[in-house]
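What follows is one structure encoded as structure tokens, with my remarks underneath.
Lettered A, B and C in written order, each chain numbered from 1.
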């Protein structure tokens, strides 16, 4: 019986050793956001020391994080937890062995503490795969000196912008990367447009999308309030040099603004051309996901639950200057009094989660080509979107071909 | 190529000592040359050369001055042309000159103090240096065999180095990960990166060195053989010193490709303390956030060591020892 | 001629045919063995799935309530052979409704909430639910609706969804022991056939042993005929044996289905017996819950479809390998190889480190990519093996035979920019122009910097390599910014000289020019450094001699400089063609493919197929075609310049 006893003892020690394991978190945060995450991890390590689990964080540049996850995690060499936006969710779930489903752990109270649409972004085919940490959404960011009161409707927007525009000297009332479909989506969703329907089926060429393109063309060519070839780098430069009064951009933009500029944030305007409906930008939600090969999923879940509770969300909001997905934190006085957080929070209430299906990644190329030729008037919105629709439908069919 | 060299007058087999003396003679020849010659023609040639070089220097520096402008502007946006309402020609000229409106070293300070950038530079140096030494060692030995020995599979072998460069690298990530991390267990180690970088630069190095070795006359080795030198001595004492320019080129190439590599370093390293400088740089731009001011400052800091390395290497790059030796 | 040399063809014929025969028939033997095992596994799977579908019918019958469920399941299991445990899980509330597992009946009796270590069971239930919904939405089977898993202690578990009130509400799982015993292929037949191959090859070798040439080729020819005959014979044995085994399997499944019909009627009162139990043949489904078409509704066996060959396409490949092995051995290939290795061991030792490094880090990924290119591996089936996704040359055919370069739109003919041939054309133009610029500028600078006694040479050199030294991620972006319609300096300069500004990214030609300018700027320093190094190999005396002979500047350049530069410059040019062909960054950062994807190059397309459209196999085929194009170029260029031969 002795060998068996030795084996049992060995098994016990191994079990103990694995209990004292580190849980590694991969993320793409930098500067304040990173500091906030590290603070939360340190707090957790201090208060949960008795459980024998230590959280370790690793920052990875955003451009490498997805590749790193795809290469390492399915082979059991990656992080136990990673933080990423929902746009890759569908792809990773279809790949398999990357993300652990969480429904089994999730109780009602936990579900209830998030902004509903952020949890929706973490849900793929009826199953929740991650806990939402922060959301990112675009809003109207304006120079208080040039625009004393932000516009509430598109009519007001155009009126203010026209006054500020002087094309010869390179001044524009409004600037945003309108040729980037992510930014355009705010107008598209506002008109009731969409890219996919259940199935999934591509519906890029629907009439609402065309209407939204028509309005954009009107802003560019009739009202002439937008600059040509608007890269994100150009938008930042224009805003910093006070050559534009208003931009549509998200929380990341705030760290790019020069210190000399006094800016304000307001929700995007209501679209008069769509009967006064609000512009509805896409929300990207950064979720904390448990890696499927993680050995201590219970502990990992405990941590991501802690990471997304109200007190951690407050650290994220105040120290990290992030917009947390936890809705309880917005009733906290120090958060509620913060104009930036308040503005993004009221924007997210009328927003749409960016689709998380795998087919989403196929959409960008054809749609970018379409919008590129539309804004340069190489094709009418109808023609260009029809071409994009054809291309996307073909790509989706090819993926399923046997 | 061999034909051109073969058409040279036959070289007597002098001793190495004599050869060194010949170098001295050669240099003396240059000095003499400088004194004599046709001054008028030479002066015009020099003026034209300077004009051409200055033009190229201007083209080279202009975009870099914009990078410098961004780095020293203290803000995060790219520079754009700034014109008043009714721009005159003079306004436009002023607008295209890269010059920050305010000078600030804030970006440099932030880059160096907010994260362990110094440590990352050091890592970059270690990895690039290791990859250069290893890659050069492997490549020299292979190139010597390809240049001096005949054996079955020589052509195919050379071609296979070329072939290795042909498959698009973007799709190689997963298999490379399987080999280095899963099989060799070299994840999150400098050695793994060194291996990966060394092998990526080997094909170029082998071809470059082989081509250069071919131009070194075989008579030199034969002379050394007669004097009783071993193969190893010939390789290290005769061939390598004569191939200094090619070694400098390949070393620079190996170092440079390792120095600027980003995606493998970010994927294989699992500790922030192990990252290299390009990984650190990419933190500033990615996803939505694009802090070009920090990036430009970091890029200039990163470029500095390579430039210094080149300052050091260029002596060897233009060391015309071969020319003297051939004269014999 | 001594007896020793006369015996050589005979010995080689014996060794070669033995090796080839052993390879061909050994593999054939192993394949047949695997086919038998697969058939046995398949029979066990079918048996388990019939039981699973029957139990699902029980669970879904209107008669069963949560209270009676456990007893019903228990009753069903006692009437069913080979089932060791059954579980019913409901997703809502993560509830274990019933379980006959030993652990659950003693310590943790159902119904109860699932415990944490039972999470996989819950996840599986959800997975099955979403699979059924997905297959319904897409109208095609894509994901398994029945999951089969091997259990650590032997046997297998089968899990499928069950429906309550028209919705998938949970999972039914049965665990079974494996019962089917695979047949073993006969070693005697295999050995006999190997001997037959050896006999075929040895006879001509022995008869003509005095005429070595005839003996050798005779052995190869006769050995090949022997191989064909042996493989054909083996194939016909195999087919017959497999047909028998399959018929046995069908019979077992039919019996299983009928006994399950009895079991189901026994646990559910006869008057509510569902349609299912009246049609037990329908329980014989695949993992997508589609009928296998082997049984009728009342479980009578349908006539067997024609047996597909065990080996299929691999048979030809197997024959080819064996023949190569035979020919190489008989013709003395291995002997020669061994001698070459011995004779040139010094040379091989010199190149060994380089070859080992390349083999691991370059050739393995390369082979991986090429294999992938013959599959239709996509996001949805990347986990399946190569054999299941093998589609031969279809990806290549799809790429190469798509001639839809021009299409007729409303505004006349337009170029279809995503077509392979347009992209190829553009890539070639891109490569030629870039390398030309890089080489010309680099070489010119190197030549100028080689002028004797020129002032400030070290300074010029350092400044001129800066584009190579500064990370190109930012310099490329600065270049892009310089070409901006309104805020870029290039257009400002045009306006200073009274020209109209240009929208650089609006048409393919000017957009191409922006990328070309950027890449030219980025790549000339490399060529300059290479040329500077190469220039050092030219003996000064050659120039002096030429000058004495009165050669002009032009003559000296073409007669001395250029030929002398060739050995170092040609490799650099070949490699820079290859690199530029696959230059991903500059296009991506500067033009981003604008306008309308006109300035994409092949490698950016391959990238998009892999990472945006998730078609890994297709992208690999694209990459392999890129590789083939470059290979043809490399061999051609190499031959023209004889760069490998100094």
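As a working rule, a contact is a pair of C-beta atoms (placed from the backbone, for glycine too) under 8 Å apart; a residue touches a chain by one contact, two chains touch by 3 or more.
This one's a predicted model, so the numbers in the text were calculated from it and none came from an experiment.
Among the chains, the centre nearest to the mean of all shown protein C-alpha atoms is found for C. In terms of the distance between Cα centroids, subunit A is separated most widely from B. Our note on geometry: subunit B versus subunit C, Cα centroid distance of 35 Å, whole angstroms.
Subunit A and subunit B have CA centres that are 40 Å apart. Centre to centre, using the average C-alpha position, subunit A and subunit C are separated by 33 Å. Contact with two or more other chains is made by residues 78-81, 83, 174, 178, 282, 285, 292 of subunit B. In subunit A, the residues that touch at least two other chains are 170, 233-234, 237. Among all residues of subunit C, those that touch two or more other chains are 477, 481, 484, 486-487. Across the complex, subunit C is touched by residues 91, 94-97, 100-101, 103-105, 125-127, 170, 198-199, 227-229, 231, 233-234, 237, 297-298, 358, 361-362, 364-365, 369, 372-373, 376, 378, 383, 391, 395, 398-402 of subunit A. Residues 340, 343-344, 346-348, 350-351, 353-355, 357-358, 360-366, 368-369, 441, 444-445, 448-455, 457-458, 460-475, 477-479, 481-482, 484, 486-489, 492-493, 495-496, 521, 526, 529-530, 532-534, 536-542, 560, 563-564, 566-572, 574-575, 578-579, 582, 584, 603, 606-607, 610, 619-620, 623-624, 626-627, 630-631, 634-635, 638, 643-646 of subunit C touch subunit B in their complex. Against subunit A, in their complex, subunit B makes its touches with residues 75-87, 114, 173-174, 177-178, 181-182, 187, 262-263, 266-267, 270-272, 279, 282-292. Within the complex formed with subunit A, the subunit C residues making contact are 94, 114, 116, 119, 122-123, 126-127, 129-130, 133-134, 137-138, 140, 142, 376, 378-380, 382-383, 410, 418, 477, 480-481, 484-487, 503, 505-506, 593-597, 608, 611-615, 618. Remark: subunit B residues 1-2, 4, 8, 26, 29-30, 33-34, 45-46, 49-50, 52-53, 56-57, 59-61, 63-64, 66-67, 70, 78-81, 83, 89, 92-93, 95-96, 137-139, 141-142, 144-147, 149-155, 157-172, 174-176, 178-180, 184, 195-196, 198-200, 202-204, 206-208, 210-212, 214-216, 245-246, 248-249, 252-253, 256, 260, 278, 281-282, 285, 292, 295-296, 299-300, 302-303, 306-307, 310-311, 314, 317-323, 326-327 touch subunit C in the complex.
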